[in-house]
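By written order: A, B, C, D and E. Residues from 1 in each chain.
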Amino acid sequence: MIYVKDLHKYFGKNEVLKGITCEIKEREVVCVIGPSGSGKSTFLRCLNALEEITSGEVIVDGFNIADRRTNINKVREEVGMVFQRFNLFPHMTVLENIMLAPMQVRKVSKDEAEKRARQLLAKVGLSEKADAYPNSLSGGQQQRVAIARALAMQPKIMLFDEPTSALDPEMVGEVLDVMKSLAAEGMTMVVVTHEMGFAREVGDRVIFMDQGIIMEEGSPEQIFTNAQNERTRAFLSKVL
Amino acid sequence: MIYVKDLHKYFGKNEVLKGITCEIKEREVVCVIGPSGSGKSTFLRCLNALEEITSGEVIVDGFNIADRRTNINKVREEVGMVFQRFNLFPHMTVLENIMLAPMQVRKVSKDEAEKRARQLLAKVGLSEKADAYPNSLSGGQQQRVAIARALAMQPKIMLFDEPTSALDPEMVGEVLDVMKSLAAEGMTMVVVTHEMGFAREVGDRVIFMDQGIIMEEGSPEQIFTNAQNERTRAFLSKVL
Amino acid sequence: MGIRWDVISDYMPMFLQGAVMTLEITVIGVLFGTLIGLFAGIARLAYAKYGLGKYLVAIFFRWPALLYITFFRGTPLFVQILIVHFAIMPLLINPDGGWLIAGDLAREIKSEHGALVSGIIALSLNAGAYIAEIFRAGIQSIDIGQAEAARSLGMTYSKTMRFIIIPQAFRRMLPPLGNEAIMLLKDSSLVSVIGLAEMAFAAKSAFGATSRVWEPYITISIFYLVMTLGLSVLVSWLERRYGKGDIR
Amino acid sequence: MGIRWDVISDYMPMFLQGAVMTLEITVIGVLFGTLIGLFAGIARLAYAKYGLGKYLVAIFFRWPALLYITFFRGTPLFVQILIVHFAIMPLLINPDGGWLIAGDLAREIKSEHGALVSGIIALSLNAGAYIAEIFRAGIQSIDIGQAEAARSLGMTYSKTMRFIIIPQAFRRMLPPLGNEAIMLLKDSSLVSVIGLAEMAFAAKSAFGATSRVWEPYITISIFYLVMTLGLSVLVSWLERRYGKGDIR
Amino acid sequence: GCGGKTEPAGNNQAGGSTPAPQAKEYVVGTDAAYAPFESVNDKKEIVGFDIELLQAIADKGGFKVTFKNTPWDGIFETLKNGDRDILISAITITDKRKADMDFSEKYFEAQQLIALPQSSTVKSLDELKDKKIGVQTGTTGDEIVSEKFGKTNPNIVRFDTTPLALKELENGGLAAVVADNGVVNNYVKNNAPKNLKFIEDNKSFEKEYYGIAVKKGNKELLDKINAGFKKVKEDGTYDKLVEKYFGKK
């Protein structure tokens, strides 16, 4: 599904990703952990070309992202993304937020888009908020809308960048629950997170990044109980 | 040390504190937990008169805060406060941040203030950052400086308002460690926090607030393992 | 010194007509200025990613827009009005050989509405330069996360601009646009130098004929105050209505 | 149409002297304006918590400051200059019975420096009104957490202002103060209406004598551009130096 | 009073033969945008017929003057509030102005001209009803036109200076300009506007005269000026100046 080979990324002279190679299979849930500034977000953003790749190969759903001739918008239609800060469109209602992209990009009819949007809202437990504006929702509710918005494009892959770290603690659970059910349905997911409980329970694989490289990867048990790398252990001792 | 009786606080017509009564003894560490918007911060801010009290009695270190004749600045000299967002003075170096209040308020000499500031910096593990500006520090470092700044006034009581919730997870530990050592030295502390581990380990007493009242209080074991109140249990099930 | 009420009452029709003219040129100036500012603002932000396009966009859009904005923000409006009226208009609209309009139509325009046309052009160009910057600031003030969210849904650059960025930017622009309208209202007093009969012109006429200062100038000051305060009430209403609150 | 270089070269000394005068009155206007603005800005924010003081502060500080700021921001500078020069100055400085200065000194001042004094007063008052608002916005832009942190350390209101708020507010104010200086530089062209020999006056004289528009006005436009661009380089340097970056 | 005897070199006061009051320098206001009467030359000096005339008068009358450029808008105010002692600025003596200030002997005969586009068929002021007429604010031309067509008539377009109004006429923005002949002639001399013509309308415009103005009631100064003017006329200086600036009639 996703195939990354020797991915390098510079911001100016600052090398943030120093050769990332990895593969993510269909229906796999991969959790990315690591200290602040290690390049987790940058890595994720390279996967749907929100950041330009400096060198290396990134193939997502068969599209070569590094190739200038690739229609990036086509790739993005297949890859949903959920941001730390939600990024809902504040001038539209919840329903409009969800319907916009299917109508404008997939050219779905309005009725069809609305039907699907309402289904998704029901799925994330927010049916009654369809006509509310984002600012009137709590953080947890906004993030669930953001997930519904991404799902409305019926993507094959979902990327999550610390989806719960801007939330009050009581709201973390409701968002994680939605993500768990998504994983259970077999969605391919890449999740940057600090929620080790989630990684352990839901993740098929955990990747530990530090200073722009993948330090260690493996099953959750392996990483959390038997990390090989010194740095991994140091990091885990701080956050667990 | 602190004695609160039937404390009410309105913001306009919105009653945020609906009759709080409690007592905090010398050398006691009290943790305040509760959902967002329950009035935890407001309660804490009433204790050093950052919010005007609508009605009720608050006596801190013998001073009656609700009395207009009380010199509030005298009270505040005895009560240190640490904020969620650090609130360091960005135009001053770390050292100047710590020295300012002792020199201006306590009229300590410059040399004396500097000596004491360096001791405190050593205590929070930031001796080498004395001449740095706050913006060049990480969140955890800034918060430790903020604690040192409050301690420089040699307060009898320290108030903490979610001191770690604006921090990246790896930095939470370093701040909690400083707070733990402070508690071990016998400082009287009131800590609003979402860190249940800290509350359990260090707290002498835990207060659960919801909707402007104290729903339940007791020792950490009591609250975390055997809460009586339905709401307390619901809240704890979400955050633990 | 007493107040000579007769000066005020004698010239009142002129003050009132002047006030109407002031409002007219302000409104027209704001409208045209917004149009010009929109184009100049977009041109100023235009860029191309690759190759030759990069230079063409710079030469034909970014630099001319920057030049225009710099000139009109960097020189006094008063000077701009004189240059437009006495130097540029005679080239463009001229009975014998105007570049834009010549012959009888030109004569007609010049003699009937010469000062009005020049005044509106100068005010619009001036306002346009400021509005271009308001527009640019408005677009740049929108959180980059909005564009990223839209792009990550597969929306194109132009659809992102149209559905996500511009609608939000426009709300933020309303208050500064209102302030620009207030500035323009006051600045319109300068077109009296080319003989356009707005409020300042009326006061000048009364002053010239009667040598009284207080009466005509305090009168129009009050008129201006009423107008600017009215506008600023509108602006603060807009600010409350469309300001930060609604956006985040 | 050819360019008559001789017009430019003949009048160049006048343009240059005018440019010096323009700079002079701008600098003086900014200095006095900042002083006035500081007081007006503080008066505008003054408040008392209890009892009678509440009304006294409002009547003697807040309202006069608000009135002053409203008037000078709400009417055209051009009108303000005329009112100051022809209506207010004759009351204050007058050989027979000026309220401030009378007799020969008044004569001396009026005949030697009348337009200069009026021009500076009008520009300073105008700038002061805008700077008062810049000052207020600067203070209000400082995160309330800063004041709370200082107060919670036991610092008094005045010490908090002096050590924490004003130093930070002042850094934020530098860029808008710079912009106000640019506005004032351009606006100083309006004092030519009372005959002060700055740049616009020089152009007017050249225009009056030669009836040429392009040469004098384009010349001074370039002068203005150079000055405003110079100032805005300074402003953006200040912005980089003291702007957001340093603050958070 | 001063000056029973004519002193040869005017600006020397040191003689002491007369019990003249000590040399006081009078401040003269003039709107130096009104060539040939007064204008600023490229050396920033104020020059022109009025200037040389008053200088000669002062020399002969035994007093000193210094000229200050003073915009026409508000020039009379400066006399009232003491900024200026004397005004010489091609000021037409009118009854209305006489109420506010005192004038010297008339020193120049002026006439209003109507400037028109070459193609115009207008023959008199009356025919300009409902047409756009340009004037300089507050001048005699302004007064006459205001009187005739109503002072708040929107067709009267007022400018800060006469050359500005003439320029506007040249550009086609006006149907006519009414202004003093002296200034109009100077504009023609400098700009040679091919498309303008000038007519007189003796029915509408009475002959008018320029005078030197002083503050109402300042008889002492007025006498000095009149005495000096008498001498200047007698010794031929006046005629020389007229010839220098306006050529032979």
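The criterion applied here is as follows: a contact is a pair of C-beta atoms (placed from the backbone, for glycine too) under 8 Å apart; a residue touches a chain by one contact, two chains touch by 3 or more.
Quick caveat: nothing in here was measured; it's all calculated off a predicted structure.
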### Query
Among the remaining chains, which ones contact both subunit C and subunit D?
E
### Task
State the smallest step count from subunit B to subunit C, taking one step as a move to a touching chain.
2
### Query
So which chains count as neighbours of both subunit D and subunit E?
C
### Task
Could you pull out the chain whose C-alpha mean position is farthest off from that of subunit C?
B
### Task
Return the chain whose centre of C-alpha atoms lies at maximal distance from the corresponding centre of subunit D.
A
#### Entry: Whole-Å gap separating subunit A and subunit D, where each centre is the average of the chain's CA atoms
53
### Averaged-CA centre spacing for the pair subunit E and subunit A, given as whole angstrom
84
### Task
Go ahead and note the Å separation of the Cα centroids belonging to subunit C and subunit E.
39
### Message
If a residue has to touch 2 or more other chains to count, which residues of subunit D qualify?
### Response
82, 86, 207, 213
## Note on the structure
Touching two or more other chains in subunit A are residues none
### Query
Which positions in subunit E touch two or more other chains at once?
73-74, 77, 160, 164, 167
### Message
I'd like to see which chains touch which, written out pair by pair.
### Response
A-B, A-C, B-D, C-D, C-E, D-E
### Task
Over in the complex, which subunit A residues touch subunit C? Could you list them?
48, 50, 73-74, 76-77, 79-81, 83, 85, 87-91, 100-101, 104-105, 133, 135, 146, 149-150, 153
### Task
Please name which positions on subunit E make contact with subunit C in the complex.
73-74, 76-77, 100, 132, 134, 137-138, 142-143, 146, 151-152, 154, 156-160, 164-165, 167-168, 171-175
### Message
For a test of understanding, state which residues of subunit C touch subunit A in their complex under the given definition.
### Response
143, 145-146, 148-156, 159, 163-164, 167-168, 171, 246-248
## Note on the structure
In the complex, subunit A touches subunit B at residues 35-36, 168-170, 172-173, 194, 235, 238-239
### Query
In the complex formed with subunit D, which residues of subunit E make contact?
27, 32-33, 35, 39-44, 68-71, 73-74, 77-78, 80-84, 160-161, 163-164, 166-167, 187, 190-191
